[in-house]
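Per-chain residue numbering starts at 1, and chain names A, B, C and D are given in the order in which the chains are listed.
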Amino acid sequence: MCRFIAYIGPPILASDLLYAPKFSLITAQTMNAAEMSVTVNGDGFGIGWYNPSLDNEPCVFRSIKPAWSDQNLRNLARKVHSPCVFAHVRAASPGITVEEVNSHPFACGELMFMHNGVLGGFKQLRRKMLRLMNDTAYDAIQGSTDSEHMFGLFLNHIEDPYGTVTCEELVYAIGKMFDDLNVLLIENDIRQHSYLNIAVTNGTCMVAVRYTTNPNVQPASLYYMHGKEYHCRGESCVMEPAYGKPSSIVLASEPFTSRRSDWMKVERNSMMIVDETMRISFKHVEMDLEKIDFESITPEIG
Amino acid sequence: MCRFIAYIGPPILASDLLYAPKFSLITAQTMNAAEMSVTVNGDGFGIGWYNPSLDNEPCVFRSIKPAWSDQNLRNLARKVHSPCVFAHVRAASPGITVEEVNSHPFACGELMFMHNGVLGGFKQLRRKMLRLMNDTAYDAIQGSTDSEHMFGLFLNHIEDPYGTVTCEELVYAIGKMFDDLNVLLIENDIRQHSYLNIAVTNGTCMVAVRYTTNPNVQPASLYYMHGKEYHCRGESCVMEPAYGKPSSIVLASEPFTSRRSDWMKVERNSMMIVDETMRISFKHVEMDLEKIDFESITPEIG
Amino acid sequence: MCRFIAYIGPPILASDLLYAPKFSLITAQTMNAAEMSVTVNGDGFGIGWYNPSLDNEPCVFRSIKPAWSDQNLRNLARKVHSPCVFAHVRAASPGITVEEVNSHPFACGELMFMHNGVLGGFKQLRRKMLRLMNDTAYDAIQGSTDSEHMFGLFLNHIEDPYGTVTCEELVYAIGKMFDDLNVLLIENDIRQHSYLNIAVTNGTCMVAVRYTTNPNVQPASLYYMHGKEYHCRGESCVMEPAYGKPSSIVLASEPFTSRRSDWMKVERNSMMIVDETMRISFKHVEMDLEKIDFESITPEIG
Amino acid sequence: MCRFIAYIGPPILASDLLYAPKFSLITAQTMNAAEMSVTVNGDGFGIGWYNPSLDNEPCVFRSIKPAWSDQNLRNLARKVHSPCVFAHVRAASPGITVEEVNSHPFACGELMFMHNGVLGGFKQLRRKMLRLMNDTAYDAIQGSTDSEHMFGLFLNHIEDPYGTVTCEELVYAIGKMFDDLNVLLIENDIRQHSYLNIAVTNGTCMVAVRYTTNPNVQPASLYYMHGKEYHCRGESCVMEPAYGKPSSIVLASEPFTSRRSDWMKVERNSMMIVDETMRISFKHVEMDLEKIDFESITPEIG
């Protein structure tokens, strides 16, 4: 479920990411997401950003309201000027309540995490996931979403979640989180498929995953564009091309600018890593799920 | 904008109206309204009902949350057992805030009122509408919607809005409200079209209107069904036919039961009157708008 | 923390309990609780009631808003006419979020539960409490309060929480819940004191506890009055005396009617049982806490 | 009603104003305002600030929740670093709803406005106030508070509320607003007293008023401190003295730092003007109310 955007690069105004583009996250994707079967993302939203001139911890603003009508988000987006922004609009999974603590991104120390999709069998897995966690990871969980519980598994593999966390540690912990999920899915014989699009950042680098356990369908969509600089003139937002290494990267569940050629797909079941120097690399993500006899019915994912 | 349902007949459980049917107001029409260009109705909701064994004033519960995720609405709907129920899901017009006082139905004394559509030129008309009202009507307005301001004009023609109001008075006041709007549209040369689907009740009778100023398009949809009794078995909800006068009437922006043949359209630009004896009659609603040179662009209505 | 009211007897209007009395829960105790060190109870509220003509499950309406300004509560209270009503205004413990799922009363099947006070050492105990629970009890917990986790321990001792639960079972499960807490406090060497005023009902009988682990202070206040009938004339609300067995009982954190002589204290560390025939009895509640070296500082309780 | 704080000076962290001090606006004054008869300010809050490196318009974040439990406010306050901050906690006047649009500060163009107190006879005056306004001032009003309607009267005397507004214009418009109120009170023979503590800013200068029509009591409290720099070390917040003209000024309904000698009272019925150069001056505010036969009962003000 859900839609998200992540940005890293020179400081930009959040409204250029979230409101200015014609097919923007807030004004279009909340109501008419193009590439999802669930097209309404009205179950709360969140935005998180860094202000490195002050400190290294993100500022997170989350709400249970639909993003499209929230005046506070609109006001803040016009004043948030940041080199690293995460934004998320939620379509709650059935049975999981719409509460402020259930809105993404989730934060802990200097880290932010968000998810789009669904973890198959979460109801059966929840207690087992919690049992795996040390007290620090456990205490960081405030809500009841599958997403935040995966964040807990991720934090469980970070040595000091409240300290400085390197890019390598992010990559490592995401990998271990997938390993944990793999074991849990097998041990509990979870037959529903999972859709796990994820983004995590420490404010200076970013790791994203596009993944599904289902070999018969594509994972939820995930795109990126990179270049020298992202900027808007009215509704016309473009990524200026960079010659050599990019200095600006946008990741999004759906392309939101009109020049579609700017956007590239994150490949199926792969992890995209943007390091502190803005170097982009990819890694394959794999689970060993042969032993599971998945339900043939494809779940409708948001 | 918006979608609504009105019921009058033998006491029923609100959840049979709002949740049980497959294409129900809360679970389907909030996210996928079929007959509107704006398909998401997530800007708050409201429900109002009467409990005649206690008194004649409606009980109204309104919220700014999307109806689909509201646990309180779900709980209440299972316990509200009433002979007269109004329910409304809102898609806010651009520029009008999502606030509890802006959710429908609006209530005053023993009356309830709700609206689906848009009053053309409301921004210019608002002050003029307020100037027409006596203090009682003026003071009854708490919010900032075009809908509630029309309710104010309506109340202005009710002799004692906090006393007992007859069915005839409802019909009369709705007529006068349309006359007032007609004068306002002409005097202020409002060139945008209006879409005015309205329902009003005193708990024992009901008046509804399906209207647009635009001769080139249909008004927003409005349907009704009548019979002996409306009831559900699982998702299968039907209106039992009545031989002779009906004892049960459902009015809805969109049919929500599977037997489509149960549903009839309220005709274009007409008023439907259900009196205390459940007799149904219709009246033509007309404005004299020849002098207005309407914009040719059809506004997108919700 | 918090204040609550419970009623059982002939059907009454909730507003006579909650709004009519001069020193009422909603209008006075939310802002000026008289017998607590924390005098503001503005962190959400809840009301639950039964409508036996429909079914045996309570209807619960909960919110994160302060009760004093909530128009929906005001509207509902004037229309809820019920033989069994629970109402609660919350003062959140530090560190526990104000979310709808954290408002009392908590419901499961035909049961409702509410708490006023604090469980010492909850942060350390939480995981251990969850581990004691079977899946049914575990899944019934939606929020993050000490109160709801105690409800989970309680449900853990009910054979079928979604079936019919007798008064004896309520008494038994409350006793076992105290036993569990006793063991947990000792095993984890929790040195902070607990304040555990609790009320639970199945709609026809009611069990309440007034308890603290602290021998040096009184538990949070808890009063009751009983008689033939509770009724209000304007602000003047009285309990008509009954000759013989009462047919009407009100339990409250604080007396809220002016005739103070109507009110009796529930004794320190005792359980009050009101059975289906309205017979009132009391039982001593005891924990064996000798091994714990409690902090001498008395926590400030709400 | 209500409590507020205004700051102008070198950029500071909002949390140093709102959370750090022992008797802070958010953690203490919301629940235990010391100098008011209404001690709970739980009916919403707002914060507004300027970020001159971006533009001259304030960013406003408002909510209907009690400030004390709002996690978004807590997060934002740690990241807002600004040379001009307004913050307000509300205790709603009876009969005026708690809605986001009713939370202070109110903003228009580059201006912010907030109010603590009550305008006597607002219910009778409302329509007359609205009639005085030009369309720009009228359209700027979104809610239903006496406070925002006074803001409308104020804007009515600003030539271009959406352009650059000088300090002189602020002083002028506040003066004219008081003249308008004077005429309205007399013409409508309003016999209830008014309590009008007000602060307005354009981001570089600030005008505040402490006023009551009641000769028998003091106006609601209003204090200020000035110096070189305001800063906190833990809970210990102080204003460093300035030799010569101050560069930093804090205005507050109640002193919130422990060194009480830092704080001075704004005199009864006077206007405090802090110009762009941080020069402080005072002006007497006077209404001619001899013709009104005020009620002798002193209203309880918040």
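One rule holds for everything that comes next: a residue touches a chain if its C-beta (ideal position, glycine included) is under 8 Å from a C-beta of that chain, and two chains touch if they have at least 3 such contacts.
The model shown is predicted, which means the values in this text are computed figures rather than measured ones.
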> Pick the pair with more C-beta contacts: A-D or A-B?
Replying inline: A-D
>> I want to confirm something about subunit B and subunit C. Since they are copies of the same sequence, is their interface symmetric in residue numbering (over half shared, so same) or not (under half, so different)?
In response: same
> Where the centres are mean C-alpha positions, what is the separation of subunit A from subunit B, in Å?
Replying inline: 40
> Which residues of subunit D are in contact with two or more other chains?
Replying inline: 71, 97, 100
> Across the complex, what residues on subunit C touch subunit B?
Replying inline: 13, 51, 53-54, 57, 59-63, 71-72, 75-76, 78-79, 81, 100
> Hey, which residues of subunit B end up touching subunit D in the complex?
Replying inline: 97, 99-101, 123, 127, 130, 135, 138-139, 142, 144
> For subunit B, which residues are in contact with subunit A within the complex?
Replying inline: 31, 39-40, 42-43, 64-66, 68-69, 71, 92, 97-98
